[in-house]
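Per-chain residue numbering starts at 1, and chain names A, B, C and D are given in the order in which the chains are listed.
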Amino acid sequence: GGNDDSKDSGGGNEKEGFKVGMVTDTGGVDDKSFNQSAWEGIQKFGKDNDLKEGTGYKYLQSAKQSDYQPNLQQLARAKYDLILGIGFLMAEDIGKVADQFKDNNFALVDMVVDKPNVASIVFKENEGSFLVGVVAGLTTKSDKVGFVGGVNSDLIKKFENGFKAGVKAVNPDADIEIQYAEDFNAAEKGQAIASGMYGKKVDVIYHAAGGTGQGVFTEAKNRKKNGEDVWVIGVDRDQVEEGMPENVTLTSMVKRVDTAVEQVSKDTKDGNFPAGKVVEFGLKDGGVDIAPSQDNIKEDVLTKVEDYKKQIIDGKITVPGTDDEFKEYEASLK
Amino acid sequence: MKLERFYGILIPILSIILGMVVGAIVMLAGGYNPIDGFDQLFYGIFGEPYSIGETLRAAAPLIFAGLAVAFAFRTGLFNIGVEGQVLVGWMVAVWIGIEFDLPTAIHLPLALIGAGLAGALWASIPGILKAKFHVHEVITSIMMNYIALYVTNDILRHVIGIENERTESVKESASLASPFLQELTDFSRLHNGIFIAVLAALVFWFILWKTTLGYELRAVGFNKSAAEYAGMGVNKNIVLSFVISGVFAGLAGAMEGLGTFQNMTLNASFTGVGFDGIAVALLGANNPIGVVLAALLFAGLNIGGLSMQQIGIPPELIKIIIAFIIIFVASGYAIRLLIEKFTVKKTEAKKVKGADK
Amino acid sequence: MGFLEVLYIVVPIALAYSAPLIIAALGGIFSERSGVVNIALEGLMVMGAFSGIVSALTLSKMGLGAASPWLAMLIAIVIGAVFSLFLAIPAILFRADQTVLGVAINMLAVGLAIFLVRAFYGKGQTDSIPNRISKENVPFLSDIPVLKMFFANVYYTSYIAIALAFVAWYVIFKTPFGLRLRSVGEHPMAADTMGINVTKMRFIGVMISGGFGGLAGAVYATSISLNFSVTTILGQGFLAIAAMIFGKWNPLGAMGAALFFGFAQAISIIGQQLPLLDQIPQVYLLIAPYLLTILALAGVVGRADAPKAVGVPYIKGKR
Amino acid sequence: MEYVIEMLNIRKEFGTFVANDNITLQLRKGEIHALLGENGAGKSTLMNVLFGLYQPEAGEIRVRGEKVNITSPNVANDLGIGMVHQHFMLVQNFTVTENIILGAEPKAGLKIDRAAAREKVRQISEQYGLAVDPDAKIEDISVGMQQRVEILKTLYRGADILIFDEPSAVLTPQEIKELIQIMNRLIAEGKSIILITHKLKEIMEVADRCTTIRRGKYIGTVDIDETMTQSRLAEMMVGREVNFNAEYSKANPQELVLDIKDLVVKDSRGIKTVDGLNLDIRAGEIVGIAGIDGNGQTELIEAITGLRKADSGEIFLNNKSIKNLKPRKVTESGVGHIPQDRHKHGLVLDYSIGHNMVLQTYYKQPYSKAGIMNYGQVMEKAKTLIEKFDVRTPSPETFARALSGGNQQKAIIAREVDRSPDLLIAAQPTRGLDVGAIEFIHEQLVLEREKGRAVLLISFELEEILQVSDRIAVLYEGRTVAFLDPKETNEIELGFLMAGGKKEEVGRS
């Protein structure tokens, strides 16, 4: 945590200097996912600009959804120059607080808020998911791949549809098992779902399920240890470590919240706060990508991935994000 | 009798102090300065109109949840299902708030009544099962919590409609928000719900200690056989108690749906309001004033705890402090013994002298 | 997919899912049979998961390898037992309300565990443990058709849990200790007049419960979640309480109830992947385990009588 | 003379209240020593001190001449002291054997050696003639058998000094007879006994000596010999003369109030415990039911009062059927009920006496109006009743729990009588009460009769039945097998009929 000796009673700081703060969602700053990633981005920005943790940059953790607003307000009162809300659940709160504190700059990750003093940072998760879909489609031996989602929602649907599109692009015959755990924190459910899928000869599972995904890794490791040839594709960060020691992480779809956050912080410090704008990070600007750990992917598959990546960046392929877009996309394949 | 009242006040106060002492020790052990920590905590509770507003805002659902648990307790039942009843109440409140277009005078009451009824309906199931089949209410209410979680999510998705995992906001005519209170408290989310919550505490007291129904409910809670002997419908009262408890719980949901959030989000896990309600009820000794005070304490510590993060103290500390406060209150007997030991020693010394003569 | 294939998938999931529940429910039984309500199972599991992961990480670092999760479980048992003193001392010595304490302890466990994780690792959740309890194929047995559903792809901890249920049953119903424990939970004054130390028995009951709770959390953590965070134990303790009541405070009953939960849960999760069941809207599958439990209770099992003196502090000489 | 127990100048305080004030009791070897005193005199307290449950504030205890410090029941057990408590100390869902061996279990390996335990229990029960079923659960056996289990518990531990705290209060006459035989057998085996009882007749019958205490103070110890009489004992106990053999005036029966025809009621296990019962009671008479426990008394009362469904037959009250009405309707039709178990049914112990006084009428004016209670009126009522029936309580606000058993009973009677029911059912109204309290309650019942009420008295005390009833119905296996005039029958005949004997055989037996 941000441990510091100086006391700041939230009543405004006389010292000059740029200050950036973020409010985590309920996952907390160590969620091995986008909260952590965002914090890493801020830390990097802080260090690069010689800011002190606690006074120059800091995070506030939300234990409940109802904590978002007070946390945002705390930072606004303390006259933070840039206040980041992590996670689309904060959209409404950031909108309200932005209205109340018109002089502060806010940024929201993962969702668009239309306010003059709010920048919206969004990602094209579907594009990154497409790439790992390609990997999955080409790696599977059984022609069966799986997707485990946390809670069925528009955001996670982007992961699902991008992934499906990638699989179908390279392996139209592949079966894709889709299941939502309806829970981001139930490792035992993740494990059970994975167990069911692997039991039905699925051999690659892509998860976008947070802590529930932990169970997917557990199941894969157990199976691999017992001689089954199964894989997991991680999400948000490079999850190669989660697959150890059995080395079941095929690759991961990374979402560079850190670079995005760092970028926006830098812009803001330089006086270029993207006020009222939507800043979109896709494959093109490295906002999403396939993880650098690619040792488990075959050479020819990697070539294919590179090929598709180029096509997406060049706009030759538009990756579907919603169910309707996916239907259209699937039709276009035939 | 006077002595009882004295201890009734002394023990909670001592417990709060002792809980803070434990908190200080933990802070020291964790390498934080407890004086700064408490300074920040109290500033976060009382420092500004804003924090007071937020504390009151956070207290409203806790009061309702606490009343819900306490009401059932008073009649000998453990409603551990408040969490689920909060969810359905929240959902129905929001649904009515979105779906209808009515003048405030009708819309808001309708949304509140809807929430209360939804909670009541949900709570009636463990009640009926207990009354009819003697199924232990603790299991059924735990199960009903999970069912509520999944069912509300499903209804949000497929009936009410969501965008980005949340419903649209309730119409202004159904909202508890009060621009006046917000302005007064410097943009806190304080809403009119707090008044309803305090009113509810009054209603709680009135039902149990002033009405004929309350006489019956308490009798059933104390001694089922005697209640049956006296011609009270024991089963009816069990269900009724759950239903009333559920109304309070449903309204706790309405506080969130029509007050704090003005909408409802898909829930990946429980809100925690119901479980906190258990602690609030027990800390408040299942009596309405106690519940209100306990809810304020809870809310204050939680809100104040948020600002402890300003100096890097993790918010978990608040949980530890609250837990110890509850443990100390529960151990009131030990505190009493200690106090009495001091006083009795003196009188005994006198007695011995008297015996010598 | 044939019926047998479905069972080959469902049974191992049910066994894995049930193991921590069985163990925690057994803990609850020891405590409540001695007359102390144990709402604190959730918190005890949190402490178990926490100490299990922290020890497993530390022991792995010390180079203990595959033995580390097993040793970690032993440590979690001890930590759980010690932590249960927060329930035992106020409840037994200070006549504190046991339900109140349980709620407080659940809160304390989460707060303390995360606080300590921050203190130890400087972050809010631990890394994954490198050495875990894995699923195994029991030699020979896992190759026999039909039978293999119980022996292929299973955790040994599931067998341990089931074995513990039998041991607990034997201890509670066959040994002098069990007789005394139950007498203290049914009629402490009678036990007292028979020269049984009520206080001591209740301490033992609660601390055994703490040990079981700790073990349950550690089993979950070292075999399923593999790390510890604030959400690792989220409701399992309450399900264990439900299993305990469902099983009528009998170890074998609780085991049956936990297995039933596991089975229902497995069906509900796998349902989406099965023919026919996949046509059912997901919400019905999600609520099925809980609904089935309620129906089972209302229809078949019916009344469950708790130990008579459970929740009542024993005050010498009070009538 | 050799004393096995000497309790010298014992003082026991509860807070500021002195329950035992300088009491001395000396038990000789091989004697039955009665301990006599009113309710709340401090008898149980004294014995609990001896048994190690309480620590005395002052005084000395010697066992077989040795000064001892009895810090716990364990120590008492080791000294050979066993106690049969006033309120049984039995685990309801344990078997007889389990209850007996608890705390001193024979072992086979890790396991309880059940075979050995059962054998030992059987052996002791044969030796002392205490018939029990070693495998029965306590909750399934009669009170008499439960008491035998209590005695076996002490014998199993090798006690040779036995304390019996009101053992006969809950027993039927037959069982009391057996108990007396058992006590005599124990004495013959060399044991010594302290016996607490309110029944002076028992003292006269079995005791060798009697120690009396009053309000915690020692009054004296006397020999029970030819010169001793019941009235002298009673006088010692209460400090005044007691008229416990009062002759009450003659009844004057009027119109029919209760008429039961061919009633069949099943108990919780589904057994027809009331099986074709006929009974009628007229206004202005007391009908006593004589019967051994378990012959349908409980189910009969429950069926009349609506607490249990009747299977067939009819129950008429004032010519209207009240069969299977809800308890409330029955009450409103004019039935009052002094229940057998005052703690379970009669009172809400955590309610004040005032609250308890309106347990069936709380919803009526003036206590309740439009759903709102008027507690002022409730307390007013309570005050009147407390005064009228001499209920000893600090105030109507006092919790029922804090009252002594006798006063709790008075409160119930006050409440039931005050409602002026046409039919008053009194089930074991004097159980466990001292003679003074019994006298009061009997007077109340007769007073009700004189007011023209029909009274149904159920009691296991034949003496009480004979003394108070105007007519006796003998209950056997769920049927009234005989109606007798108390003037023309006696305990022997009643006992014979209650055991299933036929009326015409009485003379011959």
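Side notes on the structure shown:
Everything that follows uses one rule, which is that a contact is a pair of C-beta atoms (placed from the backbone, for glycine too) under 8 Å apart; a residue touches a chain by one contact, two chains touch by 3 or more.
Since the structure is predicted, the reported quantities are computational estimates derived from the model, not experimental observations.
Between the CA-based centres of chain A and chain B the separation comes to 36 Å, rounded to the whole angstrom.
The distance from the centre of chain A to the centre of chain D, each centre being the mean of the chain's C-alpha atoms, comes to 75 Å. With centres set at the average Cα position, the gap from chain C to chain D is 46 Å. For chain C, the set of residues touching two or more other chains reads 118, 124, 231, 234, 282, 286.
Shared interface positions of chain A, i.e. residues touching 2 or more other chains, are given as 1, 61, 182, 185. Residues of chain B in contact with at least two other chains: 150, 153, 269, 314. The touch graph of the protein chains shown belongs to none of the named shapes.
Pairwise chain contacts in this structure: A-B, A-C, B-C, B-D, C-D. Residue ranges on chain B touching chain A, taken from their complex, read 31-33, 36, 39-40, 43-44, 47-48, 50, 54, 58, 150, 153, 157, 163-166, 169, 187-189, 256, 260-263, 265-266, 268-269, 271-272, 302-303, 306-307, 309-312, 314-315. Taken together, the chain B residues at the contact with chain C in this complex read 26, 29-30, 78, 80, 125, 129, 132-136, 138-140, 142-144, 146-147, 150-151, 153-154, 269-270, 275, 278-279, 282-283, 314, 316-320, 322-324, 326-327, 329-334.
Taken together, the chain B residues at the contact with chain D in this complex read 210-216, 218-219, 222-223, 225-233. The residues of chain A lying in touch with chain B in their complex are 1-11, 54, 58, 60-61, 63-67, 69-71, 73-74, 77-78, 88-89, 91-92, 97, 100, 111, 150-155, 182-185. Only residues 86, 90, 93-97, 99-101, 103-108, 110-112, 114-115, 118-119, 124, 231, 234-235, 238-239, 241-242, 245-246, 281-283, 286-287, 289-291, 293-294, 297-299, 301-304, 306 of chain C touch chain B when the two sit together in their complex.
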